[in-house]
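See structure below.
Think of it as A, B, C and D in the order they're written, each chain with its own count starting at 1.
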Amino acid sequence: MGNTFGQLFRVTTFGESHGGGVGVVIDGCPPKIDIDISDIQRELDRRKPGQSKITTQRQEEDICEILSGVFEGKSLGSPIAILVRNKDARPDDYVDLAKTFRPSHADFTYQAKYGIRNWQGGGRASARETIGRVAAGAIARNVLRRFYPKIDIVAYVAQVHEIAAKIDKVKVKRSDVDANIVRCPDKAAAKKMTQLIEETRDAGDSLGGVIECVIRHPPLGLGEPVFDKLDADLAKAMLSLPATKGFEIGSGFSATRMRGSEHNDAFEMRGGDVRTSTNWSGGMQGGISNGEDIYFRVAFKPTATIAREQKTVTTSRRSTTIAARGRHDPCVLPRAVPMVEAMAALVLCDHALRQRAIVPEK
Amino acid sequence: MGNTFGQLFRVTTFGESHGGGVGVVIDGCPPKIDIDISDIQRELDRRKPGQSKITTQRQEEDICEILSGVFEGKSLGSPIAILVRNKDARPDDYVDLAKTFRPSHADFTYQAKYGIRNWQGGGRASARETIGRVAAGAIARNVLRRFYPKIDIVAYVAQVHEIAAKIDKVKVKRSDVDANIVRCPDKAAAKKMTQLIEETRDAGDSLGGVIECVIRHPPLGLGEPVFDKLDADLAKAMLSLPATKGFEIGSGFSATRMRGSEHNDAFEMRGGDVRTSTNWSGGMQGGISNGEDIYFRVAFKPTATIAREQKTVTTSRRSTTIAARGRHDPCVLPRAVPMVEAMAALVLCDHALRQRAIVPEK
Amino acid sequence: MGNTFGQLFRVTTFGESHGGGVGVVIDGCPPKIDIDISDIQRELDRRKPGQSKITTQRQEEDICEILSGVFEGKSLGSPIAILVRNKDARPDDYVDLAKTFRPSHADFTYQAKYGIRNWQGGGRASARETIGRVAAGAIARNVLRRFYPKIDIVAYVAQVHEIAAKIDKVKVKRSDVDANIVRCPDKAAAKKMTQLIEETRDAGDSLGGVIECVIRHPPLGLGEPVFDKLDADLAKAMLSLPATKGFEIGSGFSATRMRGSEHNDAFEMRGGDVRTSTNWSGGMQGGISNGEDIYFRVAFKPTATIAREQKTVTTSRRSTTIAARGRHDPCVLPRAVPMVEAMAALVLCDHALRQRAIVPEK
Amino acid sequence: MGNTFGQLFRVTTFGESHGGGVGVVIDGCPPKIDIDISDIQRELDRRKPGQSKITTQRQEEDICEILSGVFEGKSLGSPIAILVRNKDARPDDYVDLAKTFRPSHADFTYQAKYGIRNWQGGGRASARETIGRVAAGAIARNVLRRFYPKIDIVAYVAQVHEIAAKIDKVKVKRSDVDANIVRCPDKAAAKKMTQLIEETRDAGDSLGGVIECVIRHPPLGLGEPVFDKLDADLAKAMLSLPATKGFEIGSGFSATRMRGSEHNDAFEMRGGDVRTSTNWSGGMQGGISNGEDIYFRVAFKPTATIAREQKTVTTSRRSTTIAARGRHDPCVLPRAVPMVEAMAALVLCDHALRQRAIVPEK
């Protein structure tokens, strides 16, 4: 009962990695928003498996179909349902998994929680589940652009293992991100990352890293204290993605080593607006956006699926070992970039609608 | 419209720093739970201002009153309302604030969002708002103990500025935490932290740090993928606390520098149970608790209120400067420990009820 | 866990008939709305016991206090908490009830559901619980008037037992309703109703009846299909009031005996607007308001508390008899009029905010 | 944003009458429930158009496909998505509707609310939308039976226009209901109803009526006061169905003409249980089920679509007339019987899960 995200722009995803398909129902999309299926497909293509030599070789075209809620290219205000069929499902590849819990996967916890699981691949815990999120995120982005034409959401790989990129988050463009297969806009770092990912894959191992996201020209006044603060909802959104282990807004953990006199963002007048001279806060105070760039970082763990043999136990509680065969991502970050952007767009879109409902009259 | 937390154990807080009072309504507390007002008061006392030389000297007794939902020492199943009156309110201290935005406070964003704000102190953005959370957390803890008698939630200060404590999270006891005013169970570190906080306060500045929390003997199977994963809800809970900038579950950001072969938690049989031999995951996989200790870290920024003069602007958009007078915490961490525990208890209690609703029959 | 009403204008009530008090927290009230405590008190006075010879003689002043969310007479956008203390509580009057289930009261069902109940009066099932609703309704009305200055919500007693009033719902004014103690604007019927209520009370018995409510000059376009249709939410709101047994929107059950050719409301142009020439629909189609007057009827059963001896059982499951002593309403309808208006205002206010969030641009 | 029903057993429907299809996502179905697609199809067949001479002749097979959430015949605990494709869509039949508002249809209100509408048929306001509800209801019924094997939900046509059936609600069986095409278990009345419906259709007109529903052997203790009372949620569920105008629980409006001494349901011991000797309450007190049969009545208006010419206006606000061509139901009641049952099952299932979450320990 946790498959819906958002209060007004409500996204409900469904589907397992194997079975009929995966998808999403969006309830609360404002009417008369331009909905172009190619906008959705473009984001799904950035997420899809098999897109480069450093991702899993599972072949899924991930072609989406809009089932409802759109008429003559515009949203109707009714629920928008989007479906992507599962194609390259090879349940036979997974027969071993019926009886073995993969380390650091959710096999054991799903079995413990539900007393049953679809052992054909990751089931509901598969990253394939994020297709619905990415599709919904593409629509959320269109809604945001309608209300705030200059808004710009860009995520990128900022670190893979020990390799940290140098990126100017004020200027980085989406085309820079997509210019290489690792989705790191620092070309030199990207090259090293790609090489390290290939070496690690060949060694039967996997890597983690950090994705950074910046939201430029965000609206002022989004966020609903005290629980639905904008940073709180972003944190939840990001930690709900598979393989995430941490979240930082603005200065993040580095703030813990600063003094107030260093960390406070002084206000100043700039271009007729109240602005801050620094932006350690990451674009919000008290959980409400202040109009400065919003930026945050998300930690991803190394992929749990590795080719090396690992100790584990069977469903009948005997010790055994397991080694992944076949197709998996040695590093999830390149494909996680559109997921981070999608979740950011969902959070902002939902909060934009919430603010519209109560916006004070002048 | 963001003042309610939880799906089944629903907590709604109310109140500003100045005005009639602050409090909470808890809807969904199971019936027949022991409710002892002294359990609640004890937690409020750990949170209250003026409790030691390193906290703000605002004097508030923070005496709570239970208005409803309890009969003869037991919960009725109806809403439990708890009220704490504001006492030591000195609105005159804040007259300057009516016309000036304090840097890195929420004065500006509240004004921008709502078009109005209570400028007498922090208003709704004051940490005083957390009284309702802490009171509710005390009740959540009782509910959890009723279902899982061995569960144990302990938070502590793990770092202040550059001073990092050494703490064995498997063994640390609550009495160790409360043994000193900084609430750091590493005595040597605590002494240094206290000294640094005092020096910093005297220098008109402030400090941040890290609070760590461990949940031992948690139930297995809590968490509602794909959005209401246990770690996602903990992240939201923590980022909804004032002054927080980051969250890590288990290995957190350090996972990004590990390989899968290092980070994966191998399963093994132990004491007849499926257990993991390491616990980088922090007690959950796929957002569902696996029965291991849950642990996480929360980054707090340095207090925004400092005595030093800072640049800022007025509500009429002119440049000015401001320096805090009077009472404030030079470091919020000692008083934030019960807040972190309370939010952790709220998340677990809510998820425990959610799991009870669907628990599979044997 | 069912003590919150509304999606954006969220009302959470608390309190039992005996204990500290009853009240409400409103989360989602837009900022800068005029909040005058006398508006709230006026509605509470219409609801309070002891207001006339035909209501219960329990004496409660029901003086309300605003604890939060209001500053200098305006809403802040933060939660508005309102408290009314219980005063004339005589728990000793109810000692018998500790061990006996009153027929057609909720004593037995609360005990069965929760395994515990506050037997001092009706506990949470007491109509005293509606104080929070009525207070919140007064604020909802102010919000509605701010957005739609001409909106007018008037409820009145349309029938007591067999006595049906003749009332022109297009014209009836609130002052006509409050002109007599039974709150029926048909003077002749009101006189008969008052007399019947007195006779029935003296005979140790009780009466039911019908309250009708009309909302004039409502906004066009409120209601959120397919589940949160405006009529569906009104139905829920009304059936959530104590002692209600039925709801009709527009033509109601009489529609079942009409043909489509009679019942359909033809559209016509009037005053430049699309209007309907009849209004059997009751002001909405497909669950969305069409701009015509909204009207509905609510059935109230005869008060369960009667002085006559009735058969029942004890908590230890033995047969016994019971007869109410003391104070109760022989007919709840006069005091239920402000409750019906309050719930109608809550539904409309919530839907007005929901519509503002998605309103299509021109 | 009103397309989700339920708190724990959450049903989100999607789809318009014309377009890709209609369907539902169920989030919160407990795991390990038997899911047999033929159970779902059977209910859809009871709802489908073209099933008899007295329903619309639109031909839709309404074959459903389960897309997710089921594995080897059991629910997984993850969302269950069900899709029914639209087949016999003839948008050309509706070209006239692009520019004309049909009287007592939702064409005008959808246009006013959203600023856009799918004019090909009823769009989202079509009764075709209820397919998702009926499919979800079939699953809810299975969940209920798992927890309460004896529970029995039976709805039937109790009245068409002036023809009222005589039915013993304590005994009526589902096979009696489905024994004739009008779904009225009183054979003599059914015959008259069928004849009247045919005559009325031939005269280009339409009829309304009453559906009654009884829930036998319901669990004790369901319902969440004070807003989510069981009767309140049933009222909302029923009024959210197309063409409904009224709801009565138990005695309903007839209660308004009874005295307390007649209407109160005396408690007595029966078979070792606390039972009531009468059941005017309709199986609940204070909004919580008392273990007696739950029964309620729903008023349906005559179908808005009629062949006769009616006055109306165009979208460009000119007077015109309209007469329906082609396919429509002269009386919706026979096909609405499974809809009423489905909504009743959804309400009970949701409340059953809610009660499981807080059930007091013995």
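Here is the rule we use: a contact is a pair of C-beta atoms (placed from the backbone, for glycine too) under 8 Å apart; a residue touches a chain by one contact, two chains touch by 3 or more.
Predicted model only: the values in this text are computed from it and were never measured.
The chain pair with the larger count of C-beta pairs in contact, out of C-D and B-C, is C-D. Taking the mean Cα position of each chain as its centre, A sits at the greatest distance from chain C. Averaged Cα coordinates give chain B a centre that lies 45 Å from the centre of chain D. The geometric centre of chain C is 26 Å away from that of chain D, both derived from CA atoms.
Our note on geometry: chain B versus chain C, Cα centroid distance of 39 Å, whole angstroms. Taken residue by residue, chain B touches two or more other chains at 1-4, 7-8, 13, 28, 31-32, 77-78, 110, 113-116, 124, 225, 354, 357-358, 360-361, whereas all remaining positions touch fewer. Listing the residues of chain D that touch chain C in their complex gives 1-5, 7, 13, 101, 103-106, 108-110, 112-116, 124-125, 129, 159, 161-162, 200, 204-210, 220-229, 231-240, 242, 244-253, 255-269, 274, 276-277, 280-282, 284-291, 299-306, 308, 310-313, 317-319, 354-355, 357-358, 360-362.
Interface of chain C with chain B (complex): residues 1-4, 8, 10, 12-16, 19-23, 25, 27-28, 31-32, 65-71, 74-81, 83, 110, 113-118, 123-124.
Contact residues of chain D toward chain B in the complex are 7-8, 28, 30-32, 77-78, 225, 353-354, 356-361.
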